[in-house]
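Each of the next two complexes has subunit A plus one other chain: subunit B in the first, subunit C in the second.
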Partner chain A sequence: MKERLHPFQLSILIMMMQNGLVLYSLPRLTAEYFGKNGWLSIIFIFVLVNINIMMIAIIYKLGKGRSIFEIIEASIPKWVMVPIYLFIIGIWIGIASMITSEYIFIYKLMFFPALPYILFIILFTLASFQLLRGGIYQFAKASVVLFFFVELMIFLVFYLFPEFEFSRFTTFFFKGETDYFKGALHVYSAFLGIEVSILFFPMVEKKWTKALFIGNFISMIIYLSILFLSFGFFSFDQILHDKYPVMTLFEYTEVSFLTRAENLCFSVFAFKVLSTIVIYYWGAQQILGNINKSIKPNFWIFLILGCGCILALLPDSIVDVEKWVERLSTCAIGIAWALPIFVLCILFIQSFKREIDHAK
Partner chain B sequence: MGRFQTIVKEMIIKKEADSVIQDTHHSNIKDASEKQLSEASFEKTLTELGNSFDLVHRSFNQDEIHIIYLDSLVDSKILEWEILSPLREISFHNVEEAFQQSLFKRENNQEKVISGILDGNVSMFAGEHTYLINAAGFEKRSISHSETETVINGPHDSFNETLKTNVSLIRRRVRSPRLKMIKLSVGEISKTKVLLIYIEGIAKMDIVNQLKERIQSVKVDSLSDSNVLIQMIDDHQHSPFPQFYTTERPDIAVAKLYSGKVIGLVDESPNIFCTPSTFFDFFESSDDYNQRWIIGTGIRILRYMALFITLILTAFYVSICTYHFEMIPQSLLQSIMQSRSRVPFPPIVEAIFLEIVIELLREAGARLPTKIGQTIGIVGGIVIGQAAVEAGITSNILIIVVAVSAIASFIVPSYIMCASIRIVRFLFILVAGFLGNIGIFFVFGMLIIHLTGLTNLSSPYFMPISPTFFKDWMDSIVRGPFSKIKNGQPVHSLMQTDGEKERN
Partner chain C sequence: MQNNITVWIAICCLFLTGCGTSNIIEDLGIIQSVAFDISESKENPLKTTVLFPTVSKKGTFDSHTLSANGKSTHETFIKLQNLTNLKLVSGQNTILFGEELSKKGLMNVVETLTRDPELGARVKFAIVEGKGEDLLKKKIPAIEDNAEYLFTFMEKLGNQNKVLNTDKYHFLRDYYDDGIDPVLPVLSYKGKNVELKGLGSFKGDQYVTRLTISETQMLNFLSGDINNGNLMISIHDEKSGKNENLFLRSINSDNDKKVDTRNRKNMTVEVLIDFKGSVLEYTGKIDLSKEKYQKQLEKQVENYIKTHSKKLLNKLQKYKTDPIGIGTLVRNRVPYESWSEMKWDNIYPTLNFDVRVKVNLINTGKST
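Moving on, here comes the complex of A and B:
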């Protein structure tokens, strides 16, 4: 295979595939669960995510570039793993479809109450199909260009500086009604998506692991700056009572020929949401492809997109969707930690066995 | 039993030997008859080329020497000086000495004689031998200004329809033995000549070979233009975007050669194509290089802005006026509402109507002679500008929006790319009318996914941006100073290694 993902492409891809939709409610979530100056919590979670991706990097190094399927199936028969694989696939397809419907529900709620929900699902599915069909290389290429447009929106933040005041911060840290564990889960879900990179091993160049950290770092910087800005822009109570504070933040932007750019921002954000969805679908497709290698990848794409489509049609309201996203995110965080730990254990056992063999 | 076996064996062996003898006999006869068939004679040539208005047959020396040629393809001066006058004086036996060595060659194969005549040769039949004497010379257009790709500074010559002239225009600019050419022919009937040109050592040979194979695999009866050929050898034939860059300016063609690309010339076509091309090639003009780099860069950025304006401006107007009124600032809202208050249609109908009128005007103006074209301009200007607003069919602001996006679309230097973009933006307008901003962004996303997925001869179409090669940006996204532009060598000394450039 000639084509390999370059670290530059990869870091952008990783940044794009993290679940950015959480960002819109992130100031409220941090305020709700971490209390005063809750924005600092993102740094702690960032450290946790780094430990998680460190494990992935170690697996790559110890496994010497073998894909995780090769590593696992060298020690454990495939049929034992199939139920676990299916569970992961189910969670990933589920979370992808729930993120789709969350985005659409928010869009309907804020801008477009009369819009047919199903039309959006079809649009997202079409775009996902186009990206999935080309494989990860095509996806990476497209995401680099999409990234430029998403990140352009960050410049709108400059319009908000005049309204920013340090006096809105308090000297209290993490005080108020707090629930650190639940809050950590919520904030962590903003970094989700990165765990799929454990499947990248056969498609990357050797020194790719730095891309993981760089991509994650860019995400963190963006989250942190938006959070910091919101805490200085709104009062603490305001943040607590606003469902999507970042949306309100962008409502204040005004140029001489354009006001209320939150609509534009949220529309462009569809690219990031699309990237997150596609990476989960892609991950599911890879695992399915590993379970049965003889079936054409296009069949799996149709199957996955079909499932995703149907699942996305199930919820009735944003409250429903949020519940589901919460549950599935918790499972996905579980997978994000359990899978690398599991693979690391296998690797240690394998190397231990090898040492014993050598000794013999 | 054993004896019986040997008898049978002997019989079989004999039979085989017999059949071998028979076979050789057969093939001998076949060869002879084929030879007879393919051997050139003036009677056969005459019958094969019969019923041609320009066919000339003359005989000399008491019907011992015959010459046959097509009057329309032969230069009459060469014919008179080099062929006819020597023929009148010579005897039958010293035919070969009478002509200039360089001009004639002996050819006995009937098919080759016919194709030689069709190439503008005079065929001469003297006893057993047949000669082809090159006297080609046909009417051709002189080298003139390029009508479609004008520049303000720099060379003004352009290719014409004659392959030889076009090659000379390139040869004059590349005085090097490293300039290599591959001659191919496309078309079962037309046998159109296609020439691939590259500079050895700069161009990648696998691209040359791939292009050659692809052109050889084209199976058609005739080929009329290079623009037709490139559509047949495209990687993605259903894409609305042109994937091979075409130009009729020799200076651009040579610049492409020096940057390691392969160019293709088609006989009877003033356009050359080059490969591997990227999306950004279509936004370059040689004027960018003939000015100071800051101005060149500014103009290039202006073109990319124009691309966005063309694609999105009208669609954005439709979307805002239909769904997102809150995005219009209060001061602007008043004037927009005033101008829209008399219009009975929804914005999408109004916009599509006006866009179609502009397309009609463009198409009508493109095919008309200049003098009538002016009339179209005046009629269009008055009817659309003034009357449509007064009649209350469209609003003032929409006319400005549509006019700006029409002007912006013509800033793209390549007409073919400009036409593609103009068609694609209709999709944007339609979706904006039905779905608003999110629709625009969806189509935009799909467009990006489509464009980044395209390849030209397996080389990515969106090259310096994605896959990203920052150093190449100096000569594609902007026009950097010459010290920053990589000179000549194709893809070395980059951020990434050479092998990576082959990523798709």
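Moving on, here comes the complex of A and C:
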């Protein structure tokens, strides 16, 4: 019998696979699009994400643990689905490679301007290859270790409390120049990655769905605490003028054995970025594996990583990358909602048909 | 086997990233302190002076200063690179601004500094009475390294006095906040040593007035709660008819501010200060061991704080600078629309202040 993922490991995996890179600019994004006290927007978006994962949980329950491919292909012929599958694969590989690029661009901007870009890409690709070959079970185990590397950093922000002041929050809510829709897309992209869990069904224990909610909740708590702190630590316009406010936040922390912690924090953050990238590649690999079952999984891994590597090399500037991340995130949000709705519809039709058959 | 190979390749990649840029420390001039001034030339109005340590072949340590004029910060840096055999890299922890430049506005310079990721948020900022360049070049007795001295000096000031804790983060935070103005310490090199002259208060990014040391102390009490502070005051003694000195230490003061915004044209700000301290020095004649006289002294201290804080507040109103953050108080009391329509700059000078002080002298020292 195949080993199945434990809910605890799963919740950490879920948390790790969400796109944390957005966190570094999240205070600015919420301030820019939601205005004063924009940090509260994260709570509304969290509710939306919960509705999204609730759909995934319902599919799992109604589908009785069948994989979504089995559910879909019971009603719709595979050749009809192939273009949609390819679209999803394209978006997922695209977003993974753009997140890699974005991370490297920020790294170059902040710390090593002369860093050879290609070496970093190779490093990421090799690490992804290793993690992908082990399969999702090994990856979940690895992500627990990576989690402790990354999330311990959050305790550094306690050193910022002396500068924290409630008066900077202001008594205004969502005032100033706002664009809720665009802002919602940006903030939502911080939770992206979780939609890949729709492919987990055959690999998980029965009561796994609570892990989805717990993982997402941990993410929210981390985002919320960083946002809350930022709005009391910086003045509102200061956040608007800072490209990566969280970087400045870590820059200011000073412990007797550590100054300018942002360098360390951002370097360790590579593990979280890696988890997000790998989960998207893994998702693409699963779908490709379903399209053609006769080909060895390693071939798909090579193909996916090859594409990802080339795509990551394409953008020339951070503006380019940000533009592409924004577009692809919007598509990924579309997939995150459309795919579960689509599968749910099929499930309803199937159960409706079954009822008619019974009646006959 | 395949596993091992990929692990090795990954490790090699990791180490190869180190080949990106190499910096040999002997070839570097690590800038420790920078001063920005207005230059004499009209074409190149900005003068930048940098201070960096040099080590001779014999192993003796020295520090070196260079200056260049230019139109912008980085133009001057490029010119500075052409003046030395070392590669100048930034590692500065103190940045000084000349008085004249500060009065014209600092944002042009500071904005460039915020663009540079090499500069941390904790870089110390200060104004220099006269030229920043002269302070960096000054020979201070028994001090070898001016930059290190300046940094520790300012760090000490920040630890002693909350309002003197000024760095890039604090300056930008208060500059961008619409309800408070930034402040920077004012240093002087006119005497033998470097001396703290007071606190420079800003209107936007322009230095408008200098608060004296005693005004700075008052500002500290008005800005927030104080733990373990000191205060030197001079009190008029009716008996002798002279001014007597009183030094209080271990001061704990709580501060509460309220604002009545009902009448927008005539707002009143109430400042409540609850002040506890112990007497360390008193040059007057009254017997402090008697409760009656202690109470009398407490009253005198109350009056002193009240009148001097009122004087300070009036001065700040006159220069339209708000380092205490009265604007923040008002902003948090009125609706968003009223605040955005309110011409705060015009209202601030018309505010009424009601300062209430309660003083408790915890002890009067060991002697009677």
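Here is the rule we go by: the second predicted complex is superposed on the first by the 359 of 360 C-alpha atoms of A that agree within 3 Å, B and C clash if a C-alpha of one lies under 4 Å from a C-alpha of the other, contacts with A are read in each partner's own complex, and residues count from 1 in each chain.
Going forward, a residue touches a chain if its C-beta (ideal position, glycine included) is under 8 Å from a C-beta of that chain, and two chains touch if they have at least 3 such contacts.
As the structure is a computational prediction, the values presented were derived from the model and not from experiment.
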| item | value |
| --- | --- |
| First, second, both or neither for A:L146, with subunit B first and subunit C second | first |
| Subunit B versus subunit C as contact partner of A:L274, first or second or both or neither | first |
| First (subunit B), second (subunit C), both or neither touched by A:L123 | both |
| Touching partner for A:Y137 - first (subunit B), second (subunit C), both, neither | first |
| Which of subunit B and subunit C A:D237 touches, first, second, both or neither | second |
| Touching partner for A:T170 - first (subunit B), second (subunit C), both, neither | second |
| Contacts of A:L264 with subunit B and subunit C, given as first, second, both or neither | first |
| Partner chain(s) touched by A:M110 [first = subunit B, second = subunit C, both, neither] | second |
| Which of subunit B and subunit C A:A74 touches, first, second, both or neither | neither |
| Common ground on subunit A, meaning residues reached by subunit C in one complex and by subunit B in the other | 111-112, 115, 119-120, 123, 126-127, 130, 254, 259-260 |
| Of all residues in subunit A, those that touch subunit B in their complex | 2-4, 6, 8-9, 107, 111-112, 115, 119-120, 123, 126-127, 130-131, 134, 137-138, 141-142, 144-146, 149, 205, 254-261, 263-264, 267-268, 270-271, 274 |
| Parts of subunit C lying in touch with subunit A, wherever the complex brings them together | 3, 6-7, 9-10, 13-14, 16-17, 19-21, 114, 117, 120-122, 169, 172-180, 325, 328-329, 331-333, 336, 339 |
| Complex contact set, residues of subunit A against subunit C | 36, 109-112, 114-116, 119-120, 122-123, 126-127, 129-130, 163, 167-168, 170-172, 175, 234-238, 240-242, 248, 251-252, 254, 259-260 |
| Of all residues in subunit B, those that touch subunit A in their complex | 323-324, 326-329, 332, 435-438, 440-442, 444-446, 448-453, 460, 462, 465-468, 495-496, 499-500, 502-504 |
